[in-house]
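Chain naming follows the written order as A, B and C, and within any one chain the residues start at number 1.
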Amino acid sequence: MTSDLPVLLAAVSIVSALHISFQARRVGRSRMNHNIMPPIVTGPPDFERTFRAHQNSVEFYSIFLVVLWISGIFCNEVLAALGGIMYIVGREMYFTGYISESKKRLPGFYLILCVLLFLTVTATIGIIQSFLDKYLNIRVL
Amino acid sequence: MTSDLPVLLAAVSIVSALHISFQARRVGRSRMNHNIMPPIVTGPPDFERTFRAHQNSVEFYSIFLVVLWISGIFCNEVLAALGGIMYIVGREMYFTGYISESKKRLPGFYLILCVLLFLTVTATIGIIQSFLDKYLNIRVL
Amino acid sequence: MTSDLPVLLAAVSIVSALHISFQARRVGRSRMNHNIMPPIVTGPPDFERTFRAHQNSVEFYSIFLVVLWISGIFCNEVLAALGGIMYIVGREMYFTGYISESKKRLPGFYLILCVLLFLTVTATIGIIQSFLDKYLNIRVL
């Protein structure tokens, strides 16, 4: 174990994995409350919103991990980790908003989009710098 | 290519990717057996259980990869790889159980949860050690 | 930032993340065109094909990332990155084909399968070489 490992990115990733597991558990509880047994995935709007709120997290989770780690390793680890924390906050806002009313998922969703944009831009800057350095031997900054 | 690469984690990851692809193929075969053409995802309970068994693998796959790699790199690669093998065994039990009867997915599911808990705890221990070493210069063990 | 980072893999990963986000947005637009509000995921075949085309991308995305990165790091980065570009082309063919007609998803799907097979084989070769080197001190090639 070296002290060069990106420990902040790892910490944020573990917290995000726990958060999405916790959402899966809330879907399971909603199943029990409404007596909707697997493999059924339809039911009262209340259950369907909970189910879809978790599904949306799943759909975006790999995208989040890609931009988080590339931003953190190619650009700046602290900034990326802060972005990751904001993403998890946005995911919680999205989930709790969505299960109460479909429209209330939107504030969390806009925060999620801002964070993903920020991580994508910083990741792209890092990739361009690294590409110039590695293949063209040009050092920017 | 250096000999420092986490080859056991890579091997387990490739096997898990093949396993989940194999599950996708079994969903495709179930589609053909029941003559359920895409984009339809509903049908006889038998097909819906097969479809959902694969979906559950997809929902957990990124979580698994996160805790597998962080546990293996920050804590112990051999232990994490063994956990990864147990996870794949649990996934196979879950899938074959689920397609025969909904309740029979549970033994595999409990094994999956145990493995994820083990990987999360070892990953967290590794992160804490690495954090103390990197930022506070404290070496535990 | 060192110049040893796998910048080509990172670049392909960012492009693939943007591509899958763009597909999610096209699902959102299809929702608006057909006035299908979340959490509903059923509707005219046109919408359901768009929805499932994106879902299929999500189902395979983690598998793609696993074989892309392991192939690129354990075998050859340039070959893996080229494979990654072909995968994104296949995903676009799959998506645009699927939304016009279910059967038209197949050419893209076959390209996707070829790329995944190529990345899996090269990843496996790299893992075997790395394993022999690390644990048995045998150098092939």
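Just so we're on the same page, a contact is a pair of C-beta atoms (placed from the backbone, for glycine too) under 8 Å apart; a residue touches a chain by one contact, two chains touch by 3 or more.
To keep track of the chains, here are their UniProt names: A, B, C = Microsomal glutathione S-transferase 2.
Every value quoted in this text rests on a predicted model; they were computed, and no experiment measured them.
Asks: Quick one: do these chains touch in a line, a ring, a star, all-to-all (complete), or other?
Replies: Contact pattern: complete, every chain touching every other.
Asks: Any idea what the CA-fit rotation angle from chain B to chain C is, to the nearest 5 degrees?
Replies: For the C-alpha superposition of chain B onto chain C, the angle is 120 degrees.
Asks: Rounded to the nearest whole Å, what is the centre-to-centre distance of chain A and chain B, using the mean of the C-alpha atoms as each centre?
Replies: Comparing mean C-alpha positions, chain B is 19 Å from chain A.
Asks: In chain C, which residues are in touch with two or more of the other chains?
Replies: Only 58, 62 qualify.
Asks: Inside the complex, what are the residues of chain A that reach chain C?
Replies: Touch list, chain A to chain C: 45, 48-49, 51-53, 58-60, 62-63, 66-67, 70, 73-74, 98, 102, 105, 116, 120, 123-124, 126-127, 129-131, 133-135.
Asks: Give the list of chain A residues in touch with chain B in this complex.
Replies: These residues of chain A touch chain B: 1, 3-5, 7, 10-11, 13-14, 16-18, 20-21, 24, 37-41, 54-55, 58, 61-62, 65.
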